[in-house]
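Here the chain labels run A, B, C, D, E and F in written order, and each chain numbers its own residues starting at 1.
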Amino acid sequence: DFMAGLENDIKPAYGAKEEDIERFMRNGVLMWGRPVQTALDSGDLLVNQVRNSNKTPLVSVLITGAVGCGKTALATRIALDSGFPFLKICSPGELVGFSEAAKCQHLKKVFDDAYKSQLSCVVIDDIEKLIDYNPIGPRFSNTVTQALMVLFKNLPPPKRRLLVIGTSSNKDLLHEMGMEKCFSSHIHVPCLSKAQHITTTLELLDAFTPEERCSIERLISGRSAWVGIKSLIHMVGTAEQAESTMRVPTFLTLLEEEAQLQERS
Amino acid sequence: DFMAGLENDIKPAYGAKEEDIERFMRNGVLMWGRPVQTALDSGDLLVNQVRNSNKTPLVSVLITGAVGCGKTALATRIALDSGFPFLKICSPGELVGFSEAAKCQHLKKVFDDAYKSQLSCVVIDDIEKLIDYNPIGPRFSNTVTQALMVLFKNLPPPKRRLLVIGTSSNKDLLHEMGMEKCFSSHIHVPCLSKAQHITTTLELLDAFTPEERCSIERLISGRSAWVGIKSLIHMVGTAEQAESTMRVPTFLTLLEEEAQLQERS
Amino acid sequence: DFMAGLENDIKPAYGAKEEDIERFMRNGVLMWGRPVQTALDSGDLLVNQVRNSNKTPLVSVLITGAVGCGKTALATRIALDSGFPFLKICSPGELVGFSEAAKCQHLKKVFDDAYKSQLSCVVIDDIEKLIDYNPIGPRFSNTVTQALMVLFKNLPPPKRRLLVIGTSSNKDLLHEMGMEKCFSSHIHVPCLSKAQHITTTLELLDAFTPEERCSIERLISGRSAWVGIKSLIHMVGTAEQAESTMRVPTFLTLLEEEAQLQERS
Amino acid sequence: DFMAGLENDIKPAYGAKEEDIERFMRNGVLMWGRPVQTALDSGDLLVNQVRNSNKTPLVSVLITGAVGCGKTALATRIALDSGFPFLKICSPGELVGFSEAAKCQHLKKVFDDAYKSQLSCVVIDDIEKLIDYNPIGPRFSNTVTQALMVLFKNLPPPKRRLLVIGTSSNKDLLHEMGMEKCFSSHIHVPCLSKAQHITTTLELLDAFTPEERCSIERLISGRSAWVGIKSLIHMVGTAEQAESTMRVPTFLTLLEEEAQLQERS
Amino acid sequence: DFMAGLENDIKPAYGAKEEDIERFMRNGVLMWGRPVQTALDSGDLLVNQVRNSNKTPLVSVLITGAVGCGKTALATRIALDSGFPFLKICSPGELVGFSEAAKCQHLKKVFDDAYKSQLSCVVIDDIEKLIDYNPIGPRFSNTVTQALMVLFKNLPPPKRRLLVIGTSSNKDLLHEMGMEKCFSSHIHVPCLSKAQHITTTLELLDAFTPEERCSIERLISGRSAWVGIKSLIHMVGTAEQAESTMRVPTFLTLLEEEAQLQERS
Amino acid sequence: DFMAGLENDIKPAYGAKEEDIERFMRNGVLMWGRPVQTALDSGDLLVNQVRNSNKTPLVSVLITGAVGCGKTALATRIALDSGFPFLKICSPGELVGFSEAAKCQHLKKVFDDAYKSQLSCVVIDDIEKLIDYNPIGPRFSNTVTQALMVLFKNLPPPKRRLLVIGTSSNKDLLHEMGMEKCFSSHIHVPCLSKAQHITTTLELLDAFTPEERCSIERLISGRSAWVGIKSLIHMVGTAEQAESTMRVPTFLTLLEEEAQLQERS
């Protein structure tokens, strides 16, 4: 049972709200395949660099990947696992209706608070939303963008160490703006791409009946797909509402339409 | 009699105004053809997903279709039929003269109110108007756009479930802005396209005399057209003002001019 | 005598200022040809639709035509002839120096007032000026544009009926902005195009001496022109200032220069 | 003696400042050639139309011509000669540092004041400066532009008559903006183009000694030039500062450099 | 000794600060060649026109030239030499951090003060900086630009005379904006272009030892260069810091790198 | 031991914060090769020009180079070594969340403070960040840009001398804006490009074990790379976290990926 596991795991640091953590990892971090472990390992290495290296009191990492690939959940996981006494997750949802200036003040406050703890972790989730990016124009808040770029590089005061985790589904944008260069490291999160990733996920979620899972496995084995973990979980949720005989077909239709499930070649 | 039926149906939820509901469904939801049922069924499925699935406390659906195809009436219908205790319809008419900031505050308030009920439905009607979209430029309020995008994806607090229904007649715009990706589902509403759709509508509306309807049926049978239900009802309203001998010809002229009524081929 | 006739006609509705009406129809609505009657008839039909049809409590009509073709006078005429208890003519002259926000508030107020009467008519004159349209850029107030688009489509509250008349000399602009689609009907006002239109006008205006009118008739008969009624009246005003022998030649020169009077072919 | 003549002429109307009038016609209106008379005659005709025609209580005229051709002086002359009890000259110099909104309020006030007198004349000098036009961009105040366009066409209240005179050295700009169409008439002011225009001016100004004027006449006779009256007067002012033997050569050099004085062909 | 000479010269007019004058002419106006005298003579002629001509109470001159060619020092010199009782030098340094509106108010105040004296001189230094010109965009303050254009042409009140001196290193920009036409005269300041200009300067500055000057003269004689007086003085300042044997080579290297010193051809 | 050396060196001038200095030179200025000495020498020469030359009370130098090449540390070093009684380092980190106007006020204050000391040094770090430069658009604060350009050239009051040091990793941008011309001198900081630069750095940092350094030397000798000193130090910090057997391989991988380490040719 995931929720139980989660509750045991969480030792909420100063600055983080339990409620937020539950929201950001609603369905946990399922080990659907190798890439999940790779991402968690990279996070671990950087956590240690912050803790141990005298030369680099600031380490910043950018987590990128497609919409719904699990960036927010992974960043939350890494941040929690660091065990740093200060942890703050900053996401666009809490800043709706803030003016550009108010957003900057808020971000500045988050970092100022972090500088007060000897070991801190700040997660800046969904950077392109935080900067109000709209490809039409394009438009975005340059004020917030600049504040972020400066804060990402700003060295903490003497004796303070900081890990910054940023997430974005638009790496190209961050590159063009010169924001990518503000991070010292980078983690890429892939989508699920193999039938086995999907079947593992269904099992871990305990979704459908064992018989249904068997028939799904048979139908998709050997085919490739491209779907974020978040979308996959939504499809499961929808398919489960259909009448019992329609659950598997509905799930497959959704997989074909939205997850680019390919014909066996 | 539609108005009577409507009055029986409505069990106004907390947050919705009876008066608004009458305005948004002035002429009810007539079953002019198959597509109407399909749209209502899809809505039903999503209502159940919100109510039942633990994995997805938030379901958001975008209803698109041509100007006047009946989006607002259908969204209102689905929302009412959910029977969720909280229902709020947010439409541009009530926000005329609001500043961008005030609009954002209002939208934030709507969602905050929704988060307080265990089961809520929020309808955001006419998204392109809410964001002040003008193809010249193009111009639009990026502030409101960003607020909507964040609110559409924002997970409700623990133990709260929410159905968001958005409507727009400009799907391309929403795609370009990346707003389409903020919805987890999509319902497309077509125009009336066959002669039978039109004759069914006239009957359901009890428009013209039975003799007039017969002659219209004869004149358009086997021809195709392309007209939204809202425009069709307006044409009927205009044609009925002409002198008795001119009512049918006037209606046909309007159908030909504005509904792209085609020659029998 | 026009002014006398006007005074008898006017039964100023609540909301309309007598003074404005005189200004907007300074020279009345002269029946210079068939198109004038056609436009007035269309107006009449829509007035009846508002009054009688239960399905369409809101009818909105866009009157378009070249600069000076008589749009404002015709809209005023139709509005007055409706006899609706509430009549408000909203024109750019009264909004000079208003901020965008103040303009929106004013427009909102006009419609809110209209919604209080059971039968109302609102004239929005010179839409491109109201929205501060300038082809260089182009520039315009999107805020006012959006307010108008929403107000033009906003259904009145239960038991209220409303006729909206908009005028513009830039139909293409309104089409591009998607504002044209906000109107349910459309009336186009042509310029005077035949010699007979001009001579009829001169007679109705009682301009020049009968002898002068005869000689003008002789000189232009069989030729075509393209002139708005407003410009024609201005030319008459100018020509009448010349010395007696120069009045007819001056008038013809002006007609040739500004009204595109063509050679007899 | 010009200044004496001027003093006799001026019967300052309500609203006009004597001081301004002196500044705007520093060197009077010299009759350097036929075009000056033509412009003054056209002005006269329009003054009469305002005074006499019942059909057109508002006449507006646009005076255009190259920078320094004498637009401001001519507009002032026509306005003074009208003898209308209200006269107001509105020029950019008095609005330096005004915000866009303050400019609009000022312009509105000028017209509102004019509407209070039965016969009024308002001069709007240097329209492109009033609207802050800059060809780079281009940039300009659309707010002031729109206020002017509306005020130029706004009919005075019943029993009031108004002559509006606008000046601009950028007719193309006004055409592009649709402002040209807001005027009912147009006067074009040419530059001095013949040697005789120049020699007449020198005589009327009593500039140089008679001998110097003779030698200038000999040297330029039969040649063409293109110079505004304002620039010509400036050149005279400069040449008169040179040592006596250099006065004529200096003047000719300036004429050649800045007035495009051509070789005798 | 320059500083001594300067102190004798200055008879600070009302409005000018001694300190400013020292800063603007730190190294005086050295007569490094013919162009310096020509520029000062042109200034003199215009000073007299203001003082003497009744026809032109306002004379405005634009001084242009490359960055560092000595515009500011020359404008200050001409202004001081006029001996006009009112003298005000307006330069960007004193307006850092002013809003656009505050800049306009300041400029308006400068001219209003000037209008109070019978003979005034106003220097507007570095126009492109005053208007915040940035070639990227391009961006600039149109508000300040327009205020300057109007003030440059605004005739002083009766009995007042005014000399306006503007400086700019971007003549093309001023032409494009139509600001060049606002000036009645123009003075162009060239760079030093001949070896002799440079050696004269070194002597006048008493820079290097006589022996060093000799060797420099020998090394550059017959070669051409292109350097502003300000840059030349800076190079001297740098070269003088090198060890004694390196002073001449360092100076030559700088001349070659930055002053485009050419090979003897 | 670097930190000890640093502590001895620092004689914090008025205006500078010790804490800042430690942050800006966290890892000191290591003599990794010839270019470091060249840059420090150039700085020295300019410090002397300020101190000694009467002709040039203001010297301004622009330090440019790739992101992470050590600009900030070098500027801090030169500024500290000047020993000028007033020293102020102005960097974007302290201005996060400031409005454009507030930034200008702050910068103005910094220079005004500097003008109060007889010998001052002002460091303006990371100019492109200070002006909020974003290549998308491009966007930047023209207000801050203009303030900087004016302040960089503004002569200090009599008897005051000032050294301005600016840093930027975008020399092209500064050139395009005309800001480069506001500096009287220029220092370029290169990246480490030879294997020996890297091995010298590792030794100076006392990074890895002597054995590890040997094996690194062997593996990279004769190859070229391109890496800023800041990035190199970060790579060392990361590699040192790996398990002992993985430290050297990890370091080489990072060098290959991010420092463009080339194959021996």
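Just so it is clear, a contact is a pair of C-beta atoms (placed from the backbone, for glycine too) under 8 Å apart; a residue touches a chain by one contact, two chains touch by 3 or more.
Values in this document were obtained by computation on a predicted structure and should not be read as measured data.
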| item | value |
| --- | --- |
| Least hop count linking chain B to chain F through chains in contact | 2 |
| Labels of chains that are neighbours to chain C and to chain E | D |
| Longest centre-to-centre distance from chain C, chain (CA-based) | F |
| Equivalent interface positions on chain D and chain E, same or different at half | different |
| Cα superposition of chain A on its sequence copy chain E - rotation in ° rounded to nearest 5 | 120 |
| Centroid-based (C-alpha) most distant chain relative to chain B | E |
| Chain D and chain F: spacing of chain centres that average the CA atoms, whole Å | 60 |
| Centre-to-centre distance between chain E and chain B (centres being mean Cα positions), rounded to whole Å | 69 |
| Whole-Å separation of chain centres (CA-atom averages), chain A against chain F | 35 |
| For chain C, residues contacting two or more additional chains | none |
| Running round the ring (origin chain D, first step to chain E), the chains in order | D, E, F, A, B, C |
| Contact footprint of chain C on chain B as seen in their complex | 19, 22-23, 26-27, 67, 92-93, 96-97, 99, 129, 132, 134-137, 139, 205, 233-234, 236-238, 240-242 |
| Chain D partner contacts - residues on chain E that touch it in the complex | 45-46, 48-49, 52-53, 55-57, 59, 101, 104-105, 107-108, 138, 140, 142-143, 145-147, 149-151, 153-155, 157-158, 173, 176-178, 181, 184-185 |
